[in-house]
Amino acid sequence: MNKKTYSIPIGPVHPSLEEPMTFNFEIYGERIEKVYLAPGDNHRGIEFMGRQRNPIQIIYLAERICGICSASHPFAFCQAVENAAGIEVPERGQYIRVIIAELERIHSHILWAGIAGHELGFDSVLYISWRAREEVLDLLEYLTGNRINYGVFMIGGVRRDISEEQIPRIRKTLEYYKDVYGKIEDIFLKDPTIALRTKNVGVLTKEDALRLCAVGPTTRASGIKKDVRQDQPYSAYADLEVKAITPDVFSGEINGDVYDRIIVRLLELVQSIQIIEQCLENMPSGEIVAEKKLVKLLNQLKKAKGEGIGRHEAPRGEVFHYVKLAEAEVPEIWKARAPTYNNLMPWAPMLLGEQIADIPIVVASTDPCIACMDRVTILNKANGRKDVLTKKDLHELSVQKTRRITP
Amino acid sequence: MTSISLFGILIKIIGAIVIAFLGVVIGLFYKGIDRKLAARMQARVGPPIRQPFMDFFKLMIKENIVPQNAVPWIFNGAPIMALVSSITILLYLPVGNIPPLLSGYGDIVLIIYLLTLPAIGMVVGGFASGSPYANVGAQREMVMMMSYELPLVTAVVALGWKLSQVYPQLNIFSLAVINARPIWGLVGPLGFIGAILLFITLAAVTPGELSKVPFDAPEAETELAGGILVEYSGRNLALFGLADAVKTVVMMSLTVALFFPYNISHLLALSGVFALIADVLFFLVKMFLVMFVEVSFVRIAFARLKIDQVSFAYWVPVAIIGLLGLMLIVLDTIIV
Amino acid sequence: MEYMKPEEIIELFKEKFNESITNSRIEIKTAGSKKNSYSLIWLEIELKVFKEAVKLLCTIQFPHFAIISDNDTGEEVKLTYHFSLYYGERFKEISLNITTNLPKNNLKMPTITDLIPGAQTSEREMKEMMGITFENLPDLPNVFLPIDFSKDVFPFRKDEKGVYPLSKNGKHIGGNIIDNEEEVKKVE
Amino acid sequence: MRLNKYFERSLWVFHLNTGSCNGCDIEIVAGLTPRYDLERFGIKLVGSPKHADVLLVTGPVTGRMLDRVKRVYEQTPDPKAVIAVGACGTSGGVFYNSYNLSGSIDKVIPVDVYVPGCPPRPEAIINGVLQAWIKLEKLRESMEAAPAR
């Protein structure tokens, strides 16, 4: 029988994707027969830009690789530069880094929970979990000054200290999440419709996860106990007990389906709370940054020679940065690898044989971050012209805009 | 029905216009209440109750875009068909003590047929718009239609059959007749359980008929970007919105007429105009309660089902519940 | 399970490929207030044994492949493959970075996707960005660049095939943010 | 075509990401959630540009998105307003010296309201959306002033 398939494009502009990304599916009835992935709608050429800027400028560029992982990329990047230049981070700085990173994980996982609910058509979950998310954003704003893009990381440490007066506020938030966690678990793991939509959907086997180099909760849900915080502890994680979480802790079995990915993320929420508590208890005193004066730091980096890698377990998986300094103002090489870059390939085995209705939740279950992944260069060859915005133009434009806004 | 005078026709026309207007207004009003309630249950403030009216007026002045590869007359005709057919059903539905305007010209079987028309309008519009999303949405809508028809008919037929057993002389499928004789009073304990099961069946069909979560696969926003409606804009979208609002009224009044046709006027010892007003108000309250249970609450408490899960749900559990209800009512009648 | 020490891994590689390993170094990093440590291995090997080396790596334990990083040094292109070995236990993971040099006039690499399928995205990226031909890699459309992108321009290259900004010799000037057209002309 | 006063209370928003870092995008979604609740102003996020009155565009325009932005703008029925959200949308932000981006959104489609910030707070975005009707209001006034067709 000759099966008549038709193709359906999803993206780049699609309501289930917050970000542009193109999929092409060959559909037979409602079943997916073939998947074509065409990422690249979100390229900004960040690595290329980074190779023309000095390391401190790159921190802010790295922060804007992705607005959700805005602590992860600077974390990994700073580590890479520190490793390359041989800078030692003060202990207190390491602890503050971990606290910020774990607060980000809380915010990111709750955000993901809401998005997953939304993809399932369960908007109440979106509203309730995002209401809970506001609490940690408030705390991050209190600690760093911004809800997103914290700007806390600096090569050699952090820019802002956590004072004694701020600690009760952190503890209050942690207590709040301990209360709320029960509710979120109740919604996700006990609701029959969510179970119906997520169990045995988008299965990724252990072999596929290994072979396709999946990272983060995606790979842990398939039963691979892989977590950079556990395998190669960096920063203050070296002092803390962190164990990779697999879904068998909760349900006693590993299926590698969407449901398992939900379990892993929810359990990591609890883990993050515990890590922050440990950090608060053991926080050493002292300096927060190795070199306070930025000019001096820049000079030091200009003279440095060497290469280093920085790895951080972001909410979505391992972030990997490689930096090579070669006694110049700008790094010779800056390479950034976001978790979604590796979690891209596993989509094909996950999606094959599923239905159209499963696409959003399966794609969302890896918590994709296209902005992270598509950071590489793109060249706009329209008319063969290269558009460069000059600083002067920019200034003029902004002046015009201001005039236009104020009546 | 026998003598058709010019005056009678005039009255009917005026009545139809009034009912259509009221149906639209009440429908939009209930939509507003529904959105407000849902927002409240989701810990939000929610839009003002008059929001659907404002949305409607706004959409009416928006540009109406007909896609390049659409069939224009079908594309533009589909929303009108959906709206007109849902208003037509309204004319067959009794409100409180007032018999339906077209009482005698058709019965509940006709209503069941008419109920499919708005859905068919949407399917036609979806196919005519020539977008792959709308296509998938239209296919899903057809699957849905085929799925919920059996339980819907089961629920209605069971009631009609019971009436025919008790009152063999009456036109048992006339809604006016059903409306005047509540099912709960006619059955024994076994039949009572059966009637409850039938009510559950109808309650399960309602969200499907109205394309609301968990049965909103045809319009799934996160999957199909609005599904059938993806290519519609401006006036056509507004008309579909109206059709949806009117359909809500239709399904609610159908449920009320079939299962809760009680009136309040004789309890309050009212008569004349006051009785009429009290009954109509009571009817609206009943509709509101039914809507709250069947639409608003269900909408916020469930995730969307996949289309195969939807048709499974309708063909197996819901249909079984419906048939069980039918059997219980039959048993009840035979034993008694 | 048996965990090999970093020295043992380097020994293993040296035993098999002896002279082909041009450079090797172990880095020990400490972290936290307890100063626990983990190790990294940097290897530089010749192109001809590269595929064999990855095969050998796969026999130790299935490695996790992170990314290929590129470095255009002028005459040759340095490619660094970043792997990590061992997972599941604290401080046991070893980061393994294997560098190999490709001559500019013959940019050909053996693919490792038959061993590690997850490397496909990264190899395709290198193909687009550096213009490296991967043997036996299926010819798939661009991952990152637009499909109608010029086939002669490779954004990460620092020679005449790279992109803006360039100096008059077609050499990358990097580091300078060029503000307007005049300045670009001045440099050229 | 005449505008009526219901417009300002019923703005339907379509969100378009043209290469943003996600920061603005999640803040837009955060605007929907109980703390900010866009819906109480009648603002609704819709899934198709055909349904929208307002386009919320985030991010610098990448090469591949260039055509899509224009197409989405054309698909949106009149009258419409465009809001550029975030620093990259208004000027290019940190991505200033990138040759590969088309720069700010106003180089591609006409923009009516700019919401600065990296990312702007949800309050700012809501304010931006509500400002959009000022443009539409002006349109209405000019129409009323003109003789009826």
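Letters A, B, C and D mark the chains as written, and numbering starts fresh at 1 in each.
What we mean here is this: a contact is a pair of C-beta atoms (placed from the backbone, for glycine too) under 8 Å apart; a residue touches a chain by one contact, two chains touch by 3 or more.
Nothing here was measured: the structure is a model prediction, and the numbers come from that model.
Novice: Of all the chains, which has the CA centre nearest the overall CA centre?
Specialist: A
Novice: Pick out whichever of the two, A-B or A-D, is joined by more C-beta pairs in contact.
Specialist: A-D
Novice: Report the inter-centroid distance (CA atoms only) between chain A and chain C in whole Å.
Specialist: From the centre of chain A to the centre of chain C is 23 Å.
Novice: If you average the CA atoms of chain A and of chain B, how many Å lie between those two points?
Specialist: One centre to the other, that is 46 Å.
Novice: How big is the gap, in whole Å, between where the Cα atoms of chain C centre and where those of chain D centre?
Specialist: The computed centroid separation for chain C versus chain D comes out at 41 Å.
Novice: Could you list which residues of chain D touch at least two other chains?
Specialist: 33-34, 46-48, 63-64, 96-97, 99
Novice: Multi-chain contacts only, two chains or more: what residues does chain B have there?
Specialist: 42-44, 221-222, 225 - these are the residues of chain B that touch more than one other chain.
Novice: Touching at least two other chains at once: which residues of chain C meet that condition?
Specialist: Residues 146, 163-164, 177-178 of chain C each touch two or more of the other chains.
Novice: Once bound in the complex, which stretches of chain B touch chain A?
Specialist: Where chain B meets chain A, its residues are 41-44, 132-133, 136, 213-214, 216-217, 220-225, 300-309.
Novice: Enumerate the contact residues on chain B facing chain D in the complex.
Specialist: Answer in residue numbers: 35, 39, 42-48, 51, 53-55, 57-58, 61-65, 221-222, 225-226, 229-234, 237.
Novice: Which part of chain A faces chain C closely enough to touch in the complex?
Specialist: Contacts found on chain A: 38-40, 43, 45, 47-48, 51-53, 83, 91, 94, 210-215, 224-228, 230-239, 242, 244, 282, 284, 307, 309, 311, 318, 320, 322, 324, 328-330, 332-333, 335, 337, 341-342, 344-345, 374, 376-379, 381, 386, 388, 390-392.
Novice: Where on chain A does chain D make contact in their complex?
Specialist: Listed in rising order, the residues are 12-13, 15, 18-20, 40-46, 48-49, 52, 60-61, 64-68, 70, 111, 114-115, 126-128, 130-131, 133-134, 147-149, 369, 371, 374, 377-382, 386-389, 391, 394, 397-398, 401, 404-405.
Novice: What does chain A use to touch chain B in their complex?
Specialist: Touch residues, chain A against chain B: 6-9, 14-16, 27, 30, 117-125, 127-128, 131, 191, 193-194, 196-197, 355-360.
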